[in-house]
Each structure stands twice: as C-alpha cells, then as structure tokens.
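Several structures are given next for inspection.
Two complexes, one shared chain (chain A), two partners (chain B, chain C).
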Partner chain A sequence: MFYELLSTLQDANTQWVLLGTILLGIASGVLGSFALLRKQSLIGDAMAHAALPGICLAFLLYGTKSIGWFLVGAALSGLLATYFIQVIINHSRIKEDTAIGLVLSVFFGFGIVLLTKIAQTENGNQSGLDDFIFGQAASLVGNDVRVISAIAIVLLLVTWLLFKELKLFTFDRQFAKGIGLPTGLLNGLLMTLIVSAVVIGLQAVGVILMAAMLITPAISARYWTDRLDRMVIVAGTIGALSGMLGTILSSMANRLPTGPVIVLAATVIFLISLIFAPHRGLVSKGLKLYRIRKIVARETVLQTLYDLSEEVSITNKKIRFSKEALLSRRKMTVRKLDSNLKRLQKEGYVHHIKDMWSLTESGGSKAYEIVFNNRLFEIYTMYEMKFASLQFAANDVWDYRNIDSSTLKELEQLMAIHERTPKLAPKYFGKGETFRKENSSQSAKKRKKEVKSL
Partner chain B sequence: MKMNPIQVSNLTVAYDRKPVLQEVTFQMPEGKLIGVVGPNGAGKSTLIKAILGLIPTASGSVEIYGKAYRTQRKLVGYVPQRGSVDWDFPTNALDVVLMGRYGHIGWFRRPGKKDTAIAMQALDKVGMKEYAGRQISQLSGGQQQRVFLARALAQDATVYFMDEPFVGVDAATEKAIISLLNELKAQGKTVLVVHHDLQTVKEYFDWTLLLNKRKIALGPTEEVFTVDHLQKTYGGRLAFLDTQVSPSYVVQP
Partner chain C sequence: MSYGAWIMLTGSLVGVSCGIIGCFLILRKMAMLADAISHTVLLGIVLAYLVSHSLEGIYMLIGAGIIGLLTAFLVQVLHSSGVQSDAAIGVVFTSLFAFGVILLSAFAGKVHLDVNHALMGEITFIPWNTLTIGGVDLGPSAVWMLGIVLIINLILIFLFYKEIKISSFDPAMATAIGIPVMFIHYLLMSMVSITTVASFDSVGAILVVAMLIVPGATAYLLTDKLLVMLLISAVIGVLSAIGGYYAALVWNISISGSMASIAGLIFATAFILSPRHGLLSKLLARKSIISERT
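Right, the complex of A and B next:
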C-alpha cells in the first residue's frame, strides 16, 4: 500500500496531474465561497450540468479533443443556461429553484444525447468525452494541466486584487452601488470567475459532481471562521486537499473515476467541520447547551430555596423545605432535583435533616448573589430606556459585577422602590432561628405585606 | 449664492409604466434634519434610491451641491434598510464600518491605519467601540443599525440619506440615533431620513417632506405638518384623534 502510494507519487505524470487538481481545488474553494454567500450554489450546479452539450458540440465542430475549445464550449453553454434561468424567473411566475431544475435537466439531457451520438461515430471511442461525466484526472495530459493551472492562477489573482470590492458587492450590493462601484460589471465578473472555476474542473471532477467542489469546501470553511478572508483561505485549502486526495486515491485504483473520490474526500472534511468546529460545530453547540442547562438547574434550586426562606422568615415556621415544596415552586424532574441537591450538599451549600432541606451560610450567600443578580435584571428591563448606556449584545451574560458603581447604585435604589431587594442577608442562614428572634422587632407587618406582593 | 445640498427636479420613477414617483421637484436647505413621511408604498425608499442612482429613473435630474450626483459621491453617505443585507455574512462590525471608507480608498488598495482609526472613531460615536471585533450576526437589531450608521459616518460625507433607521430598533438605540443626527446637524450637515412614525416627526425633524407618489408638501415641520397636509398625504387612511391640543394620529391599514 505504502509503496504503491510512493510509486504513484513518483510518477511524473501523476505529479503533473496533482498540480492541476490542487490548483483547481483552490480556485473552486475560493470562488465557491462567494457563490455560497451570494446564495448561488445551485447556479453552479446548473452551469456544470449545462456545460456538457457545449463540450460535445465543441468536439463535433472541431473534430478532435482540445481543451481550449472544450472550455469555450462549456463556458458558452453554461452561460446560456444561466441566461435562460434568468429569463424564466423574470418573465414567468416560476421561482428560481424550479427554473434551475428545468434548465439543468434539459441541457444535461441534450448533452447525453449528443454524447451517445458521438460514441457511435468512428473516432468517438477515443474521444474521452465519457470522462467528463464523472471526471477522470488521469486523463489530463500535459497541455490540459497547463491550461487549467493558468486559468486557476488568473482566477485567484483577480480575486485577490478585487477582494475588497467583491466582498462589499457580495455583502451589500446597494451600498456598493451607492459609493460608485460598477455593480453590473462586478456581477458579470464574479459570474465569469465562478463559471471559469466550474469549467476548468469538469474534466477532472465531472459535470455531475463539479457543484460539490464549489459548495462543500466553502460550507466547511464557514464552520471554522467568521471572517471572509480566512474563510476563503480555508475553503481553498480544503479544496486543494480534496483534489489531492481524490487524485491519489483514484490513480491508485484502476480507472476509478476521480470526481466521486474528490467529492467524498471533501464531504469527509465537511462532516468533520460540522461535528468538531469550534463555536458552530455540533459538539461545541451541544456542550454549550449542556453547560447552560447545568448552571440554570443549579441556580434554580438555590433561588427556590432562597425565595421560600424569604417568605417563611416572617412566620414562625421552620426554614426547612421538603422536595415537594421545592418542586411545587419551580417545576423540574425529581431526578434532576435530586442530583442537584446532592451536588450542592457536597459543595456545602445546602444541608438536610431527614427530608427537609435548607441553605447553609455559604449556600445562603451564593443564593443571595443569584437572586440579587436576577432581580436586578428585572429592574433593568423595566427601566431599559433610562439605562441606555448599559449595552448588552443578544447573547451577553448579565452580571451585576460588570456594571459600574454609580449605575449599580441607581439600579439598587429602584430595586428598593419596587420592593425587590433580597431581604435575607446571607448571615441569616448561619445564625438560623436565633437571628430571627433577635430581629423579630423588625416591623413584621410591613415584611408580610412586602412578601405578599412578590 | 449658496448652493443647495440636494436639488431634485422632475424626478419620475416607474416600474412597468406604473409610476412610483411622479414629477417630484424639491430643494433641500443646508444643515437641516429632514423627515420624509408618507404611507406605505408612497415611494419614500424609492426616492432615496433614485437620488443615489440605485434604480433607473424614467426622467428628471438630481444635483448634489449643484453638480450631478455621479461626480459628488464622496459628499454623500448612505444608510440602507437594515433588512437589505444578510447579517450572517462572515465579517465583524469594524469590517462593515471600514466599507464606508472604500469609496475614498479606491480600487485594489486595502484599508490602511488611517481608515481603521476613522472607522473606530465612528464606532465609538455610536457607542459600539467594544463590539468592533464581534461577528455581525451576534449583534442585536439595534446594534446592527448602529453599525450601519457608523459606516455612513466613516464615509465622512456632508449629505446623508437614511432609509428607515428607526425600524426595529430598541428605545436606547433610537435615542442614540437621534442625538447623533443632531450632532451631524450641528456640524452643518444635511440629513434626509425616511421615517414612518408620525408621533415623533415633530420632535425629531426640522423640516418635513410629505410624499405620496407626488410631493405633497415640503417645509419647516411646524408649517407643513398640518392636519390638512396629512389628510392629503394619507387620504382616508388617517383617523384624527383629539385634533385640537396634541394631535395623535392613527394610520389604519
């Protein structure tokens, strides 16, 4: 296996082909990123399929295999197909997806008819046109690679030079037009770049799967970064890797079509991205959700204990609560409550006598903090306009410790006005019953009223 | 003679021969906050887009400080509707604001240190400095609107066009936008704002342009924003409650 790999790599022809597929992988990854962000991934698919009749016609007219004419034929029929799609959208009630489906199948069908016709002619067998369906990198000869590489490099160069303009155009076309960018020209240019990237990949990857080379590296790259420049680089790298893997694997196996192998390689990279990418990946998202659920459950238990204690503190009842009392205040599954109580007990925040649970002093101060924070947030939402200077992004954490002292003071005052200030200081939980006796002179009536209003 | 920042003559816009704007002619004075008010489908956004050359016009001309808009682009700043772009685009707040510099930077070149400094300053002005590096999809609606505003500030223009900047933003952002508009006015800049909350027109704008396919009225708000004009603009869709003292208007669908 290893020797086989080594000998494959030492073969001059394979090296040559590798260079071609790597470059075209980069080009399709880079331009695929733009196609994806412009929501034109499917147009790429249509163009690839529609290229087939163009290639066949080029062969029929020119009489022999020629990469130059093939590219011209493919580009022309691809562009013609996109033009038809636009016409259908503009002049009928048919939507884009349907229009793409219609045009794509008609062009592809016509291409297959022509292909069969060519296969029946004398020199048809040697035409190598079959390779265009599923792609055969090994069929690339020196001249093909030179043309493909040259075009790929030109595409990359143009993208690099006009990166700023293409970015603005893709993000906000109206603004781009407003500052005077020729958006019509840019649109045509970007379309041409994408068509060219598709067309140079047709022989190696095939008309059926070329769209995957445009979409898969780009969408995989989107998982890894939130910046366009990095996304383009990552997409290019993934495209290059897929091209390389596909070429090596398919040249090691006898006449295995390159396209499917390249696409499979790209898809494996996509799956890895989908699952493991930081922030956007499934694992990362799942972990985040798990962590949030854990924190919320823990805070809920502490807060419930605190709320109940606060209410009971004006009566003569004991500040100990059964699980049922906790559950009736805030619903959660019994198992979740059990596991949270157990963990909190281990940390020394709660303790229990028989089945009655209460907060310890450290648990009291923890719970006080949580309740204080949550009630402060309540007050903030009531007076959002007044505290306009406090800004919180959609997913920022609310924590009173991040608020400057003067604003905090104001919020606390408002909290007092609305009688939402937590009324049990943490030390209360340490001293327990004795503390309550000492403070019984505190206007119990007022407290009762306050608690009722909660 | 002092030149008008915005001079629109005989502007007509039509989609498929049905006119959206009909022979609109007006001049805007310098250094004013101007509200463009009218019912849905009155062509308010179309007016801005036509002035900026974003859509083809059937007839008419637009001059910015006495010259064709094409030659005066650098004097003009534009805030499109927030919903007109995909906020999941892979870029951060600073990057979007930097786009406001592209017109000054020119082709091929990348934004430099000076541009970054201007962009940061603009972000600071809208209270978004801390969010410079944040991915734009993670911003709230109001914050996204502020980023758009900062981008227009980075354009360093003298005439601004804003398309519904108050739609879908929180109260705090609305307040921030208004104080920013007043700051621009204090610098002698002219700001044209498409607006559709009649309640706040008198409070926010010095001048008002009432529009419903045609120009109904233009002038200082206290002169123009009258029941008579509003009825002409909104037709039967407007019910007047309590017309005497402080009128509040209800637009009926």
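Right, the complex of A and C next:
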C-alpha cells in the first residue's frame, strides 16, 4: 500500500496531474466561496455546461486541439451564458433558477450538435474533446498543467489584491455602490474570475462535475468559520485536499476516472464538516439541543410543582402531589419525570413522603425564580411592541436579571394587573411538608388576604 | 410507420411529457432540482442494472424513481439543516452523479451501458429496439415506455390538478387549507424522475433538462393561465422535437442536441416577440409612453 503510494507519487506524469488538480482545487475553492455567499453557486454549473460549445467552436476555427484556444473559447461562451442568464432575469418574468437551467441545457445541447459536426470533419480526431464532458485528468500533460497553474496563480493574485473590494461587494452591494466602487465592473470581474476557474477545471473534472469544485469546498468551509478571509483559506485548503486525494486514489486504482473521485473526496470532506464542525455541525447542534432539553425538563418539573402549590395554598391544603398530578398538568414521559425528580432530590430541591412530592425551601426559591422569570416573559410577549427597546431576539435566552430596573418595574406592574405575579414567596416552603407552622394555623380567609397583599 | 415517423413520435412524446411537468417545475421555482434529478438518474440506472442484471425498462424506471426521490429528499434534508438551497442542490447532484460515473467505470466491462449514450441519448437506434409480444411487432419499446409514462403523468395531474395548482402558486395557503404539500412535492419529483428515465434513452439525461425547462419557460412568457400554459408547453415540446429532427436530418447532426437547440431558438423568439412579456412589446410600450409625455 505504502510502496504503491510512493511509486505513484514518483511517477512524473502523476506529479504533473497532482500539481494541476491541487492548484485547481485552491482556485475553485477560493472563488467558489464568493459565488456561494452571493447565492450564485449554480451559475458555476451553467458556466461549465456552457463552455462546451465554446470549446467546440474554438476547435472548428483553429483546427486542432490547443489548450490555449480552448480556454479562450470556453471562457467566452461561459461569459456569454452568464450574460444571457442576467438578461433573461432582468427583462422577463422568468426567475433565476429557470433562467440558469434554460441557458445551461440549450448551450449544452448546442455543444453536442457541434461535437457531432466536428466528428464528421476531416481532422475530426475529437477524442480530446470528448474528455471535456467527463474530464480526463490523466491526460493532462506538462504544457496543460503549466497553463492551468499560470491561470490559477493569476486568479489567486487578483482575488488577493482586490479582496477588500470583492468582500464588500459580496456582502453589501448597495453600500459598495454608495461609497463609489464600480459594482458593475466588479460583478463582471468576479464572473470572469469564476469562469476562468471553471475553464481550467474542465479538462480535469469535466463540464458536468465542475460545479462541485466551486460549491462543495466552499460550503464545507462555511461550516468552520464565519469570517470571509478564513473561509476563503479553508475552502482553498479543502479544494486542494480533495484534488490531491482524488488524484492519488484514482491513479492507484487505475480504472477510476479522476474527476468523479475528486468530487467524491470533496463530498466526504463536506459530510465530515456537516456532522463534526464546531458550532454549526450536526453533532454540536444535537448536543446543544440535548442540553437545552435537559434544562427545560428540569425547570418544567420545578415550575409544575410550584404552580400546583400555588393553587392549593389558598385553601391551605398540604402541598404534596402525586406524580399523576404532575403528569396531568404537564405532558412528559413517566421515565423523564422520574429521572428529573430523582436528580432534583439529590440536589435538595424536592422532597417526598411515600409517593407524594413537594418542594423544599431551597427548591421553593429556585422554583420561584423560574416561575417569576417565565411569567415575566409571558407578559413581555403580550406587550412585545411596548418593550421593543429591549431588542430581544428570538434565539436569546430570557433572563430578568439582564433587564434594566425601570423596565423590570413596568413589567412587574403589568404582571400584577394580569394576576400573574407568583403568589408564593420562597419562604412559604418549609421543610417540605406543609406551610410553615404559623401559616398553617391561620384561617383560609386570612391566608387569602396575605397572598393578595404579596 | 416509417423510420423517421417513429423518431418524431418518440421525440414528441418526450416533448409532451417533459413540457407538461416542466411547467410545474418553473412555477414552483424548482427548475434546478429537475436538473439535479436528470443527472442523478444515471446512478439509478446503473444501480438498477447492477441489482437486476437487465436493461429492461421497468427496472430502470424503479431505480431512477428511487434515486430521483432520494435526490429530492437529500436536498430537502441539507436545506433544512441550514445549507442554502442552491448549494444543497449542487452538492447532492454532483456527488450522486460522480458516484454513478465511478460505478459505471468500475463495472465498465459488465455494464452494457455507455456513459455518453446515457447522457446524450441515441434516438437514431430507437426504431430498431422494438417490443414484440407473442411474435407480434408492436413498435419501438421506447415509444411504449414514454406513452405509459405520459399516461401516468396525465392521470396524476388530472387527479391532483387542484392540489398541485394551489401548492405551486401559494404553498402557505395550501398548507393552511390542509393540502399535503410535502406529498405533492414528492409526487412531482417522482414524476420528474420517471419522465427523465423514460426520456433518457432517446434524448439523454442531460438534454431532458432542455425539454423540461425550455418549453415551460417559453409558455410562461406567452400566457397567464395554467391550463393554457400546459397546452402551449406541450405543443412547443412537440415542435422542438419535430423541428430538431428535420434540422438534424439536413445538417447531419445529433438529433437530441438539435432538439435542444431548436427549443432554445423557439424560446429566444418568444423572449423577443411575446405579445405581453416580450422584449419588443416592452420596448414599444416604453416608446409610446415617452411619446405621450412629449
């Protein structure tokens, strides 16, 4: 295995191919990031398909296979396709996706027509042209790689020099226009850069799969960072890595075509990012969800006990409740309730005699806090417009301690109007059985009064 | 029937079935999903062959149907886990397609299936691959397959016309009045996949996209009524099939390619000359406004 790898790497031809695919991976990853952020990933697909007629026309005009002219032809027809897409979107009611699909398929169809035409010409040794559909990285020779590398380096250089402008243009076109950047020119430049990246990839991965080189590394990089400069670097690295892996794997198993293997390597990296990336990955999201569910379940149990206690406190019954009473109030599986009660008991927040559960004093104060916080939030949602100054976003955690005192006072007043003020101060929870003695001796009427005055 | 007539019939059947389905794809802004499915169908065909060891139409339909639905499903999953939709489509179709190509070349010796053929189709061979039952020659099998798929599509559209219509134009309202929007979505996606696979033999998996999108887009420029749009789209599908055949005959070029090109030409004509949404009419309207003002 290792020996095989070494001998593969020592092969001069493979080294050329490797260099070509790695540089291609970097360039397409970097430019793909911009396309992705502008939500134009699929335009790359259209450009790649549309390059076919350009390549065929270049062959018909020039007469023989020449990488330089192919690139020019492909770039021109790719740009023409992009232009058509823009025209169709701007001048008719046809939407972007339809316009992309339409231009892509018609250009490709026309390319096929030209391909059959070339097959009939005298010097129709079109074997080199067929390679463009699926790509034939193995057929890359030194000269091709030199051209590819030169273009890739120019692309990266231009991106590096104009990084600030492209960044601004990508995120906020209006603002870029406002401060006087030539947005039309930048748009054209970015499209030209993307077309060039597509064009140098055609020979290696082919027109159909070229889209993956633009999209997959970029979307994988998006999982690892929120900053464009880092994203561009990560995407370039992922592109290079998949180019390298794909080339090595396919040259070791010599029946496998390079382009598709590169694409699959990129897809595997994407799946790894999708699952394991910190913050955005599925695993970390799942863990976060699990933690939140756990907290919510715990708070729910405490709150339910408090609610029930609050209700019966007026008639001065013993504030102990069966699990059934808890379950009838809040939908929860018995197992979940059991495990939560057990944990709360360990922490000293709840207490039970036989099967009847109640809050302890510390549990009471904890529950009071939770109920107070939640009811305050209810009030806030009722008067959301009035408290817009809080700038509370949907994903923020609501905590009354973060609210300034005057707003808090206002909210509390509203809470009192709606009779949602928690009526049992923590001190009413004694040693977990009944109210404190002095209260239990009081008459129900007196107790009611006291609750009201709270 | 003559050789040419069979080819035109095949092409027209492709044009009609793709044209009708395409209208819904355009209205639902899912044209690129159709593009994705038309690519991934290749994987379905290869897998169906590896499992069943036959190139019978029915296995191909099942394999392609499953992979088509899988494509739609994976795109949905990625989209709902936070990937923007165009990137989700791009990632899914390229990886499934790449997988299909790798399988195809790994088993190249065993599979009587040529990648170029699958992608570009070879309508010229259609009339010779005939269906015979009990010694009676019933005509090309592709015609039968396309005919059956077209009938299935028409029946499904007829049965669910109202539901498809509402969920295409106003998905929120469709959900509100209790139409199973997801079911309709996957129903359409399976229609797209079986139509694609039935057509791939004749026009090829990639040019199916042209037949799916171009007639519908052209019809969209010509009318505001869904039923009329479906009819116009079917007619344009047939026109591009027949026109493409004759163009291919005259210049001796790929039939499927020229069908796509003719469809493109028809679209370009409609784009410029459409009475209400065309470039020319808009230009004239602008001119008349300017002359009124001055």
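We take it that the second predicted complex is superposed on the first by the 332 of 454 C-alpha atoms of A that agree within 3 Å, B and C clash if a C-alpha of one lies under 4 Å from a C-alpha of the other, contacts with A are read in each partner's own complex, and residues count from 1 in each chain.
Heads up, the rule we're going with is that a contact is a pair of C-beta atoms (placed from the backbone, for glycine too) under 8 Å apart; a residue touches a chain by one contact, two chains touch by 3 or more.
If you're wondering where the values come from, they're calculated on a predicted model, not measured in any experiment.
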item: Partner chain in contact with A:93 - chain B first, chain C second, else both or neither; value: second
item: Partner chain(s) touched by A:309 [first = chain B, second = chain C, both, neither]; value: neither
item: First, second, both or neither for A:136, with chain B first and chain C second; value: neither
item: Which superposed partner A:384 touches (first chain B, second chain C, both, neither); value: first
item: Chain B versus chain C as contact partner of A:231, first or second or both or neither; value: first
item: In the superposition, chain B vs chain C on chain A residues touched; value: C
item: Which superposed partner A:164 touches (first chain B, second chain C, both, neither); value: first
item: Interface residues of chain A shared between complexes with chain B and chain C; value: none
item: Residues of chain A touching chain C in the complex; value: 36, 39-42, 44-45, 49, 88, 91-95, 97-102, 104-106, 108-113, 115-117, 120, 130, 133-134, 208-209, 211-212, 214-216, 218-219, 255-257, 259-261, 263-264, 267, 270, 274, 280, 282
item: Chain B-facing residues of chain A, complex; value: 37, 161-162, 164-165, 167-168, 170-172, 174-175, 177-181, 222, 225-228, 230-231, 384-385, 387-389, 391, 393-395
item: Residues of chain C that touch chain A when the two form their complex; value: 26, 29-32, 34-35, 39, 78, 81-84, 86-87, 89-91, 94-95, 97-99, 101-102, 105-106, 108, 115-116, 119-120, 206-207, 209-210, 212-214, 216-217, 220-221, 251-254, 256-261, 263-264, 267, 271, 277, 279, 282
item: Contact set on chain B toward chain A in their complex; value: 49, 52-54, 70, 73, 76, 78, 80, 84-86, 89-92, 95-96, 99, 102-103, 105, 107-111, 127, 130-131, 134-135, 138-140, 143, 151, 155, 170-172, 175-176
